[in-house]
Amino acid sequence: MDVIDQIGLFFATIGSLVTSPTVLVILFLSSLLGIVFGALPGLTATLGVALLTTLTYGLPLEQALVALLALYVGAVYGGSYPAILVNIPGTAASAASAMEGYPLAQRGEGARALGLTTTASFVGTIIGMVFLVTLAPQIVSLALQFTSYEFFLLAVFGILISGTLTSSDLVIKGWIAGLLGLALSTVGRDHLQFYPRFTFGMPELDTGLEVVPVLIGAFAIPQIIRVLRDDLALGEPKLFTRILPELGTMLRNAKHIVRSALIGVGIGSVPGIGEDIAGWVSYGAAKSTSRHPETFGKGEPAGLVSSETANNACIGGALIPLLSLGIPGSPPAVMLLGALMIHGVTVGPMIEFDRPGFITQVTAVLLLASAAMWVNGMLLARHVVRVLKVPTAIFMPVVAVMSVIGSYALGLNLFNLYLMVPIGIAAYFLTEWKYPISPLVIGVILGPMADTNLRRALMVSEGDMTPFVTRPVSLILLVLIILIIVSQFPPARRARRRLMARLTPARSPSKPTNPALDES
Amino acid sequence: MSDPSDTRKLRQADLWTGLGLVVFALGMLGVTATFPITDSYGGVRNVWYVSPALLPLLIGVSILLMAGMLVRKAMRDLGPEGVRQTLRLPQAGFGSRTQRLLLILGSVCAYVYVFIPVVDFALATALFLAVFIFGFHLDREASVARNLLILIASTVTVGVAASVVGQEARDAVVDALTGSAVIAAAAINARALARQQLPLVAWRKGLIVAVLTPLLLCPLFKYGLLVPLPYEGTVIGAMDALRYAVFR
Amino acid sequence: MRRAPTLITSLLSSTALAAAMLAVSPAAAQDYPARDITNVVVWSAGGGTDVINRVVSEQMAEILDVNINVTNRPGGVAGSLGMSYVFGQEADGYTLVGLSESCVTAAVQGGWDQRFDVWYPFIVGGSPDIVSVNADSGFETLTDLVEAADGSINAAASGAGSIHHLNLLALMDGTGAEFNFIPYAGSAPSQTAAMTGEVTVVVTSLAEQQQLIRGGRLVPLAMLTPDPFELEGVGTIPSAFDAYPQLDEYLPISQAIGMAIRADAPDDVKETLSAAFTAALETDEVQQWAVENYYLLSGLTGAEAQEEFASLESLFSWTLWELEAAEVNPEELGIPAP
């Protein structure tokens, strides 16, 4: 099929979908359900897709696709609601959004933050979609550059960067939090030899710690405790805040948006990691290229827009290896793969042969899904902000109940609850001592990837370390990792400051935002 | 973070956590040492680099190193006198802040470890919400302590009942006790408010939320999301009966 | 002020009483199935076992005229968490367990202490295993590969003791080839590794590989079943048995994906479910689904299905024991050696 046909089919698909009232109802309801699933702690995109798979079994493939993708897009976006409003990220993907969104909400600009997020997510999804249609083959060949060596380094990179970015005290504390997350991830049978590690004879620990209870325990419990213990008020919304697309702010941040979308697509296309890392990496990139990095962490719209654009751009990126190789990039993508299989669609290199135009159809559906998300978001945000008017002493206990049932819902496993509480209490004390929590969660998510890929890489090379430096992608990652580590030590920081001072003589050398490892 | 006294407190905490982390890392390395390092396991030829001990070793050593740096930095910033001061055991106060913390942690722990496994989820949730909301939403200072007592009393009662009563009667007894605890909590708090001549608005709101939340959440999860609840006793059983009576 | 609590108290207690009365009133005795059935799949959502259970449950639900709610309860060892949960429910046929052949290892791996004969299984079937190589590896036939296999060639399959690993082991035993086994966390990553060239050989099922084979990213060498397979657009994939007839001592080891109820369920429940299951497999939807997805339907129920699982249990358990990856000696569990 040539390009003209593709474009024709694209608009024909959109046309046929939007003129059917049934499809429109399915579209908006699924999108709304997705936002709810993303917003409630513990209800994940994975669970939502699983639920809709059952419900859409009887529908024709096209309508089922509308439902599933609308939910997926909505859920990735919806995670930003609790992250911004109450500082409890609904999904790991929105943890980076809490960094800027929560301070904004505390200033009373919660509605504005939600509006920005909505538009950024929409733009991100659209850019991801454009890549899906235009550059899929190239991106696939890039994704195939990733073997065990690269996966190991990528995991280390993800943990390091979130550790570096989230520390409000010493950077080393962020790294320690990441290492603690890694340590937790080694609990359970290892994935190569099934040797039980740190299980202490408990069969419940055999499969290791699940991410959802760790996520909820680590984010929700400390925040519930903090708010109620100190009788804090959540950011009361200023009255009459209108929610606008804020095209001006978006245009001003155009470079952040484009860069974040590229990062999102790139990271999404690498199987195994996804939205959670994309948010952090693009947030970090925005901070380090910003002309005023000191405003980050205090409600900087650029940071919020960056992380939200990236995590939604990931969807298009994740669909690339899913549709063209049959490799799911993230847990919800695994479920999506299963849902497609139920409808008799096996994705892979032959998809265009088996079902001509399928990818174009998916793209069209993705466009509709993000449009529905945007409309829903713009209508919802104004009302959602009102939850902040509920007294915290009533609101937070209900959040606690939601967290408990959310931790239970995915695995239907009481042990997850038993796990969530001690992790939450430990996380509370860690945050009290100014250890950031996100790196810990990222460590738990990426730990198994780091573990198996390191050992497998060495297994394949029979103990030889040289592929780490001879493989191009691996070398780039290695250099980045070393740069991040070295840049936190005083001599490097001084050198950088001198360099910056020389490059920008007009401006006074900016003070470091992190006291880091200063020896002085 | 610019406040020097804050930074000093942090460094003091760092000294403690640093030492804690050293212990943690040593423990982790100790357990790791028992992992197979050379012999074949699970059909995979085992060499040091394939061993399941590889990553835990790396993590343990890294934590040890970083904890060491943390302690060194803390000691340097605090000075020898500061270190000595810090290492003297801190006195735990039983102020109102500690009480609040205890109520939060206590109610979450009781909910998860005692009530959820044996008590009907709707009832357990209602009690948790009642104690939690009344504790923080009413007359503040006094209500925290009062609801802490209610929490302890009901937890002990239900916990003992769950382990003493036989299998057949357990559901009914435990659920009845939890239900009465909700009613008792509502009554005790209302009495206390009335005695202080305080309005009952907040109390009424709290009670409504405590009772309505589980009544809405349980059917939503069970029938809407097809998520069976952790323990389904009398109330959820009644919901089931109602649902089959209506839809069949 | 004093009146408020008493009012509420009486209101609450009367509601509680009403609720309790509703709960104890026994449901009228009706023929099975009188209410919704739950199918608890022991693997996570979106996997092969999950998908098959959802497809077949949907058809069975229509036949039985009740809902069958498919939920997932993954975790534990080889699905032990979900199995223990279903085993703890009443043996009334209202809770099914969705499982696969790997679940037979739960006992020897220390996940729980029951033999597989506590289940009354229904086997949907599975997809045959196939051995393929990286497209640039230069190998064109199984004989080429076996002759070059001196232990230096890397072969991918999902983790130790998985069905694909057992097929790989059987291939090695039956042909004398030696591979360096590299385990992956499932079939998709194993196949990706063979595509990127990280490993040369991969053993997974035809269903999982067909797209990659037809897309030219993997080269199929042989089916690990006695029969060749005609793959659209690729041609005939020969059986490994043609070149190595002695393989029939070790192969085929087929997937057995399906569902089960407790073996001590009443006979009429078993009959009703068996009939619904058999009818469901014969529906056009399931038949067509199986063809589109390269699954071979089995349809075994009851004693025959138990026999199939018993032989898988013995094979898997003893292989794991020999690989020193089992925690419990299969002998202690009374599992006969294959």
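Going in written order, the chains are labelled A, B and C, and every chain counts its residues from 1.
Basically, contacts are C-beta pairs under 8 Å (C-beta built on N, C-alpha and C of every residue); 3 or more make two chains touch, one makes a residue touch a chain.
Bear in mind that the values here come from a model prediction, so they are computed numbers and not experimental data.
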Inset, instruction - Examine which chains touch each other and state the graph shape they make (line, ring, star, complete, other). - result: complete
Legend entry - Which of B-C and A-B has more C-beta pairs touching across its chains: A-B
Inset, instruction - Between chain A and chain C, tell me the centre distance in angstrom, where each centre is the average of that chain's C-alpha atoms. - result: 31
Legend entry - Intercentroid distance (Cα basis), chain C paired with chain B, Å: 37
Legend entry - Distance from the mean Cα position of chain B to that of chain A, given in whole angstrom: 26
Legend entry - Touching two or more other chains - residue numbers and ranges from chain C: 69, 71, 159-161, 180, 183, 325
Legend entry - Where chain B touches two or more other chains at once, by residue number: 41-44, 226-228
Inset, instruction - At least two other chains touched by the same residue of chain A: list those residues. - result: 47, 54, 192-194, 412, 459
Legend entry - In the complex, chain B residues that touch chain C: 40-45, 172, 175-176, 179, 182-183, 186-187, 190-191, 194, 197, 200, 207, 211, 226-228, 234-235, 237-238, 241-242, 244, 248
Legend entry - List of chain A residues in touch with chain B within their complex: 43, 47, 51, 54, 168-170, 172-173, 175-176, 179-180, 182-183, 186, 190, 192-195, 197-198, 221, 224-225, 228-231, 391-394, 396-398, 400-402, 404-405, 408-409, 412, 414, 417-418, 420-421, 424-425, 432-435, 447, 450-451, 454-455, 458-459, 462-463, 515, 517, 519
Legend entry - Contacting residues of chain C [partner chain A, same complex]: 44-47, 50-51, 54-55, 58, 69-77, 80-81, 85, 109-112, 154, 159-161, 180, 182-185, 188-189, 192-193, 195-199, 207, 210-212, 214-217, 233, 288-289, 292-293, 325
Legend entry - Touch list for chain C against partner chain B, complex: 1-2, 4-5, 8-9, 12-13, 16, 19-20, 22-23, 25, 27, 35, 38, 69, 71, 159-161, 165, 169, 180-181, 183, 323-325
Inset, instruction - Give every residue of chain A touching chain C within the complex, in rising order. - result: 46-47, 49-50, 53-54, 57, 144-148, 189, 191-194, 203-204, 206-207, 210, 271, 325-328, 334-339, 341-342, 344, 346-351, 353, 411-413, 448, 452, 456, 459-460
